[in-house]
Amino acid sequence: MKTVGIVGANGYTGSELIRLLAFHPNVSLRFLYSRSYSGTKISDLYPDLTTVCEKVLTDQPEDVDILFLCLPHKESRNWLTRNAVKDETLVIDLGNDFRLDGKFGNRNFIYGLPEINKKQLPGAKSIANPGCFATAIQLALLPLAEKEWLNEVYTTGITGSTGAGQSLQATTHFTWRNDNISAYKTLSHQHVDEILQQLVSFNHQEISLNFVPWRGDFARGIFTSSTIKTDIEFSDMYQLYRDFYADAPFVKISETAIDLKQVVNTNRCVIQIEKCGNVTVIHSAIDNLLKGASGQAVQNMNIAMGWEENLGLNLKPIAF
Amino acid sequence: MKTVGIVGANGYTGSELIRLLAFHPNVSLRFLYSRSYSGTKISDLYPDLTTVCEKVLTDQPEDVDILFLCLPHKESRNWLTRNAVKDETLVIDLGNDFRLDGKFGNRNFIYGLPEINKKQLPGAKSIANPGCFATAIQLALLPLAEKEWLNEVYTTGITGSTGAGQSLQATTHFTWRNDNISAYKTLSHQHVDEILQQLVSFNHQEISLNFVPWRGDFARGIFTSSTIKTDIEFSDMYQLYRDFYADAPFVKISETAIDLKQVVNTNRCVIQIEKCGNVTVIHSAIDNLLKGASGQAVQNMNIAMGWEENLGLNLKPIAF
Amino acid sequence: MKTVGIVGANGYTGSELIRLLAFHPNVSLRFLYSRSYSGTKISDLYPDLTTVCEKVLTDQPEDVDILFLCLPHKESRNWLTRNAVKDETLVIDLGNDFRLDGKFGNRNFIYGLPEINKKQLPGAKSIANPGCFATAIQLALLPLAEKEWLNEVYTTGITGSTGAGQSLQATTHFTWRNDNISAYKTLSHQHVDEILQQLVSFNHQEISLNFVPWRGDFARGIFTSSTIKTDIEFSDMYQLYRDFYADAPFVKISETAIDLKQVVNTNRCVIQIEKCGNVTVIHSAIDNLLKGASGQAVQNMNIAMGWEENLGLNLKPIAF
Amino acid sequence: MKTVGIVGANGYTGSELIRLLAFHPNVSLRFLYSRSYSGTKISDLYPDLTTVCEKVLTDQPEDVDILFLCLPHKESRNWLTRNAVKDETLVIDLGNDFRLDGKFGNRNFIYGLPEINKKQLPGAKSIANPGCFATAIQLALLPLAEKEWLNEVYTTGITGSTGAGQSLQATTHFTWRNDNISAYKTLSHQHVDEILQQLVSFNHQEISLNFVPWRGDFARGIFTSSTIKTDIEFSDMYQLYRDFYADAPFVKISETAIDLKQVVNTNRCVIQIEKCGNVTVIHSAIDNLLKGASGQAVQNMNIAMGWEENLGLNLKPIAF
């Protein structure tokens, strides 16, 4: 059994990690770190965790084999600066601190999208877990980037309220958000740089990604549609995607219409391609807290530790 | 045209009053009072009001013919103490300050449930607007109280998130409330006293009202079911209700199943009676912001001013 | 008082027309036509209409001044063929039968988007009411088309379940649709031709409209985002939109973020423009049953009859 | 590995069983029976099952160790009459055919509420799985029945749309059900007899259960509140519940407020007791498809087979 610590365990992605790791056969939770909730039982914050995890949040980290950082963006770097972490500890950061620039002291964070970096991950000690929209959009576009076929991309994506975290805001108030749709960070979402850095490394030429994010009136999930111009035949494109993801246990290329609830409460990504004339649309869907955050973090841990990629990730879909 | 002022115009019931009064043929809005948002345009807080009402919130009240108080509970009394209001001004309080005890200086607030007090309201200068649950439950039980048939009542009611106001709370966070149901203030809701004071004045004997309120995963509306034991025949009870509400334009006794969306965005209350053996259940549904608050306040104003009861209240139901 | 008949009164758009016309000061409902529900009271199908409209559906049309056709697509033509309608009767078709080709016998249907054709509508006897997505997308793009600035457009739009009508389908089942998002008719929605026919008549050169429609998990409303490349300054574009819609009482150009619920239960369209580099995104939102169908039909009637454009359309927004 | 067959695998409870059993360590799915969908892949009906279960539905049952019947009420008896099932096969019926009268040929169905019958279940060959409301309400009342303290009970319960199955009905149409609440089968729900048969066997005197079921605007879950009169002290009652469920791994007595989402996508039941004067309210919540159907069926299977009670049932809660 490897020991695990979770920093920022009181948030959505932190608590979701607990839900996953509580039943993971190869790890045991040693500490749950939270400065603001130190002394509180995690199951008092999240009653669904009662009997599943009865640990008390602490502000005293301990030595562990695996450390997950579930902090607000820009705080992972601070935390690692202030707290000593042994070199042999596997650190997986769910924030965006090390996605664009992975250097931190002796550590060099690998971008933890297993569908790209599965070969570099085994034995890794530092992993930068991708963003939620970044995961959904990259998985939709990667096969095209690898062929250097990307040029102009027009993407709309919609995200659940959990994407905004647990802080109380006007746009997460139930009265406002119920039955409502709105755009935010139009053409300026922070994940665009992260997406382009990865895609361009394959595509070898510039990509213009015009991304319009929407807020949805549901709690979990991301659905995206990306439109491009291309002369590639549909059947070739479909085969390209099947081949590209042949070894990816959590990515499924669908021949039929996809919908968001096919993936909610799973670590999966479903992708569908549609073509009309010389225009192609690629749809993708993930659970933003799982494949878009905590599930992918466990997937990265599994690969880094040399365990089966889907260990602890055979989750029952919500389905309905 | 009579002049109107709204105190607490920045809240849900205040802004809902604006939506109603902006198109009311007999009144014009003179001032919208808000201490915390003084200087802000109301349409900046509620963009649906753009072009409908472009007034700026103020902390300087003026003389008006009709004054609505839309303040948090217990603040109406304070406000009236600190601000001079002419005796001839009609004051309608949407809070609970004057529902149980209507005395305030020279004023004597009448309980503004028109289905009870329609005769006392014309010419009234002080009206205490009933609470939302109080309206839905009283309308469901009044005909029985008038016959002195009430004894033990078991009521469950569910309310939309607007009932909790616009403040950000854990239980109004979209992520928490979406798809969720919970109980609150079990057997101790503040409306019980208000309901009993009215019902007992008809029933002439004590009533035990066991009320379990639930939070619902929708924004608008209240649905209640009240269970009693009785030997009265169904047909007699049905006729009793029809007769009792014969002159009430906003109350409808339904022969068929009712549902909440029949009344959302209207000032109506629908009631259905079901009987099995010696047990009777009375269901009622209202829009908590309209018949449960601002709509009823306008209805009270209309009656007090001698206008048609439904003036400005022929609202298009949301229906879907 | 002008007399009105509604054909297909049992559907969503038909019943929504009843909700609007029941309180319209200049018309009275003479007949509600439905073949399948002939003999049924409309308020038995839609209990929210109880006391508002107690008419019985009939399969015997009568002579009226104004006739609304609320039939499934392709059935308006059939109905007019089988049923005699006097030349002086104003016919407003809410289907898509006359939008692309307005000729039918002596009649020549005018495309009823008042923001384009307000001058042709007064006195008109035949009006083809635009589609819901067609309304939202055209209003977002018209000012650019008029300047001949449109070339490539990438649009994503999301629609409520009422857009799919009242028939029971897998994709309108609550269990499936709740919390779900999905794409449909990708790049092949039937409204694209309708949109392009109008826009190109202004733009004078071909437009490529790549439209990805989504199904949303709400009942009412349409939200769209359209992305284009342009070198026009933001301030010029904003002014262009303000000028273009200066005389359009139901279109509002917003300086701040828009959201769907600003327009639900109203006949309004709100539009917001955002720009980043040489890329512009235009968002628009409408209530698909009102500005996208029955509300716009009443607006067209008002203009055609020489009445005030907003008569009967000062609707209280749902807001929450 | 024991072999399993599921009859009625195409429905909600059948497919939910597949989601559970696909990852259960001790069983393998041998056949999925469906007359109407024979020849169809289950993952074509439920795309979330792609790669999880790729079996084709069949109308040819085979010999299995464990057989689940997920048929509409009253059809299990028919199916067992028409299809030979070996005596040594464990049959678990999720319908209501054998709940009140467990006799069928040589078989004698045990009522499969493990919190009552855990001692009778090991080695059992015939188990009648309880109804969803029946599970939630019994678990809320059993400790009181065992003390013979039940007399008059007033219960309101709300259920998700999955409780109504996958058939398309007016009341499962998204447009109708979204944001809507309604009552159905008032005082006459089919689960009342089932509940009373069990409770009275403990209580030894008649119980009057006045049950008002509501339809909720969510897909999964049941929340109930039961009100009784009692002089028992709160602390005694709380302790009674803790003791009664001390050995029940899936029942949790909460000291703090419960809500529905604490149990969605789990096999758990959470219960909270509140008291005011001599009135007590017991709240309970379950996932109707899991503890209320398929999850409990797996729990029954585990106990009957002598396996750990929670095998395959350590499910990640949806939580958000």
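Labels for the chains are A, B, C and D, by order of writing; each one numbers its residues from 1.
Quick note on the criterion: a contact is a pair of C-beta atoms (placed from the backbone, for glycine too) under 8 Å apart; a residue touches a chain by one contact, two chains touch by 3 or more.
Computed from a prediction, not measured in an experiment: that's the story for all the values here.
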Intersection of the contact lists for chain B and chain D: A, C
Selected pair, greater C-beta contact count between B-C and C-D: B-C
Relative to chain A, chain with the most remote C-alpha centre: B
Rounded Å distance between chain B and chain C, as computed from the means of their C-alpha atoms: 34
Inter-centroid spacing, chain C versus chain A (mean Cα positions, whole Å): 39
Rounded Å distance between chain C and chain D, as computed from the means of their C-alpha atoms: 46
Junction residues of chain D, two or more chains touched: 12, 162, 175-176, 178-179, 217-220, 258-259, 261, 264, 320
Chain D residues within the chain C interface of the complex: 12, 160-162, 166, 168-170, 172-179, 217-219
Chain A - residues contacting chain D, complex: 12, 15-16, 19-20, 23, 44, 46-48, 50-51, 162, 178-179, 219-220, 249, 252, 254, 256, 258-259, 261-266, 270, 289, 314-320
Of all residues in chain C, those that touch chain A in their complex: 154, 156, 158, 175-176, 179-184, 186-188, 210, 212, 214, 216-221, 223, 225, 227, 257-261, 264, 272, 274, 276-277, 279, 281, 283, 285, 320
